[in-house]
Amino acid sequence: MNDALRRYPALRAWLLLAPSFLWLLLFFIIPLGIIVVYSFLQRDVYGGVVWKWSLDNYRRVFDPLYFKTFLYSLWIAFLTAFFSLLFGYPLAYFIATRPEKTRNALVLALMIPFWTNFLVRTYAWLTLLRTNTGLINVWLMQWGLLDKPLPLFGNTFAITLGLVYGWMPDMILPIYAALEQIDHRLLEAAEDLYASGWQVFRRVIWPLSLPGVVAGTMLVFIPSLGAFVTPAILGGGKRLMIGNVITNQFLGAHDWPFGSALSVLMMAVMLLATLVYFRTGGDRAGQGGL
Amino acid sequence: MSDASVPAVELRDVVKRFDDVVAVDHVSLQIAPGEFFALLGPSGSGKTTTLRMIGGFELPTEGEVLIEGEPQGYKPPYQRPVNTVFQNYALFPHMTVAQNIAFGLEMRGVPKDEIRRRVGEMLNLVRLSGYEKRRPHQLSGGEQQRVALARALINQPKVLLLDEPLGALDLKLRKAMQLELKAIQEQVGITFVYVTHDQEEAITMADRIAVMNHGRVLQVGPPPEVYEQPRTLFVADFIGETNFIPVEVLRVGSTVEVLTAGGARLQAGWAEPSLNAGAPAVAAVRPERMWLHRPNTAPEGGPWNRVEGIVRHVIYHGLDIRYEIHLAGECSLHVRLPVGRGDADVFQRGEHVIVVWPSEATRVFRRDS
Amino acid sequence: MTASAAKVARQHRTRHWLRRGLFVAYGFLGYAFFYLPIVILVIFSFNDSRSVSKWSGFTLRWYEAMLQDHQIMVALWNSVFVAVVSTLIATVLGTLAALALERYRRFPARLFADITLYLPIIIPDIAMAIMLLAFFKLSGIGFQTWKVSIAGLRLAVPYSVIIGHVAFNISFVAVVVRARLAQMDRTLDEAAQDLYATPWRTFWRVTLPLMMPGVLGGALLAFTLSLDDFVITFFTSGAGFNTLPVRVFGMIRKGVTPKINAVSSLMLGFSLLLVTLALLAARGNEDRKIQMF
């Protein structure tokens, strides 16, 4: 046995890998397989499945009723990534340009809300945004700035805000990691070569921070697309995302094959996004985000 | 004591392949007990892989490694009577100097008292007494090097393997450590197998050198032999400084004669056996064997080679002056002459000179080898 | 210097300071955005009325109500129990996997194993949740519970929840430990073996102590993610099992009260504690790094 282990390092590697791999095989790969198989089956009247292969579920996804939700989810994920980048990039830049001690403190300060329970953070916004009793509307009306409450709740705005709040640190950290690595001499060299402030940014800083931007965008886009808690709480039951529809198929409507098809499609979109992300080399900068 | 007739280390036709890459290609070596043996070669020549196979960190694809006559087979490192000084020392950062040195004895279950005594002795040997409680990161490069040495030597291995142990040190410290290592080796009498890419280091320290390139051993011998009688163009080029003159072989046999591109006939002391008359070749001569003369004072006849040339550069080097001499036929020679023999002997740039050297100092190699 | 040149220079300087000032102000606003909602949430957990938007004096009664709420206390201990057990399992399995992937550059099906280990990180929790739900129902494993008593409370924790938490935590532990292993000098292991340590002793004396900061970091991340998880627990628990997030979700559905703020503040306290611990682990990481060279 010892000789065999020594002669074949692969054997040692697999012995170490076996427990976790078996766990994931049993409780991840096989479940994934079940969902994929289910997506090609049909439901029966009792909420079970009929073993009859068909593409009906995938056809149904393109039924305007559901496809609109799918597009809406993509739209929300896009908005979330966009606003996270728009507001997160300057913040990452702000952190990266502070002196080292301040910088570390600021990164830590960013981690604290990030490590806070997602549900808690979403709930915090609920107490601020609710239409009649939300803090923002209550205060604005008390100060006489408003006659009637602003529509802050149960809409695209509320969901996007909640997701931006939840995932923006995932955008900031990789961008910060990329910015922090930029050699200051490069900026000086660019200035030495007559580049103005804006040109230094556009020609040197932005391209060098791009891996961080790509990583951050993926890290925000993917979980936003699969969001369930945020639309459930801040959407006020009015605006649904794909995650809520899937949940309904599994817990409410008992149409597992259709729910599976929706999940498979959602994962396919994410896989596509991930492939783009690895292609552009974003994974290296992305480690800062974990 | 070990039997002097049994080699301390023997490699029998060893091959190591990593997938399609042949790292070590049919190497056979015998290293005598108590010998300081150097494996010399450029990076990627297979010298470190060879060392790692002796240590048991890699297993040979073919062939056999024997230590004191005993085949090592699949024995792991911890069952082999050898110890290693690693390139970056590999000191355990979470242990003190004393804990590092004691590690091997502790693993073999040596009693605590004895460990303490022997650690003290070792620290003495490497002149680090009083450093017991320090951590590796609190030591200088040279001190870390000595701890690594002590950690290996305390186990009294049959063979000590050293993988570029001085590579990370600066030049001055390296020179000092070379002497110290050599002295320690003589004191403890353990066989050293020393991997280095520094030919000067190998020449200064080793009893014998094996020159490796592309996974093969090209030549094995004591330093003066390897230096003065290189048997391939690579060895001549890799060790020391050499002048190469492209030539055509005129005659081989008991005397060797070649013709330079500039039309000069040269006699050579040795030619590669595979060379035939008419073949393109390279004549190699060490710069320090050459001498410069003004045309009127050059010796006539005798066992000398002579070529005419023009001084192109004169570089003062303290101990010697180096001349670059341009020959006819787009070839130049470097000549080193000692300083301090009067101004008349300093040649000027542009001066017409004759380069003279003994015929036996000329070695002729195949151009493609 | 002419008067107009001095004026231009002054304008430049003003503009420079204005820009810097705006930038710093933006930084402050950014952090206010992250912190204000949480701070307001905590403040209203002390509000002496049922409202979470109108201040009417200080009270601790919501915390008292929380402590007396049997369901919340059960949910709290459920959370802790699931997090501890799943972290222990995931840390051991994830560390072994990290060793295999980081120490052995090539072996059959390495890429497949690597991807399998990465996927749970990429796949959103909702997808993983329904996968597991389908699996537990279909396989007949179902939602059987592990019955334990902690702090005088009888808990019934479904094995399915623990299994699910381990499944997503293995990957995160493996990533963190791998990062640590990648920094470590591999020749240290060889040196130990050269000094007569068997692979087993090499692991305990050299490899493990050196990768410990990574293992601790991974365990802390796993623990946090496990405490944080709502979606996977919600789907894999069957009926009637609450962790703290699941309980909070249920309470929010019924209406907003300062009691939820109190529970949220408690969870916030947990997070702060964990961040502090993580920070200490990271410190250890850096100390070791210095020692390595």
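Going by the order they are written in, the chains are A, B and C; count residues from 1 in each one.
The rule is simple: contacts are C-beta pairs under 8 Å (C-beta built on N, C-alpha and C of every residue); 3 or more make two chains touch, one makes a residue touch a chain.
Everything numeric in this text was worked out from a predicted model, so none of it was measured.
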item	value
Contact graph of the chains (line, ring, star, complete, other)	complete
Pair with more cross-chain C-beta pairs in contact, given A-C and B-C	A-C
Centroid spacing, where centroids are CA-atom means, of subunit A and subunit B in whole angstrom	58
Inter-centroid spacing, subunit C versus subunit A (mean Cα positions, whole Å)	16
For subunit B paired with subunit C, centre-to-centre distance based on mean C-alpha positions, whole Å	55
Residues of subunit C engaged with two or more neighbouring chains	none
Multi-chain contact sites of subunit B, meaning residues that touch two or more partners	76
Touch list for subunit B against partner subunit A, complex	59, 74, 76
Subunit A residues touching subunit B - in the complex, by the definition given at the top	3, 6-7
Parts of subunit C lying in touch with subunit A, wherever the complex brings them together	23-24, 26-27, 30-31, 33-35, 37-38, 40-41, 44, 51-54, 92-94, 96-97, 99-101, 103-104, 106-108, 110, 113, 116-117, 119-128, 130-135, 138, 163-164, 166-167, 170-172, 174-176, 179, 221, 224, 227-228, 230-231, 235, 245, 248-249, 252, 256, 260-261, 264, 267-268, 271-272, 274-275, 278-279
Subunit B residues within the subunit C interface of the complex	55-57, 76-78, 82-84, 86-88, 90-94, 103-104, 107-108, 135-137, 151-152, 155
For the subunit A and subunit C complex, residues of the former touching the latter	9-10, 12-14, 16-17, 19-21, 23-25, 27-32, 34-35, 38, 87, 90-91, 94-95, 106, 108-113, 115-121, 123-128, 130, 133-135, 138-139, 165, 169, 222-223, 225-229, 233, 243, 246-247, 250-251, 256, 259-260, 263, 266-267, 270-271, 274, 287, 290
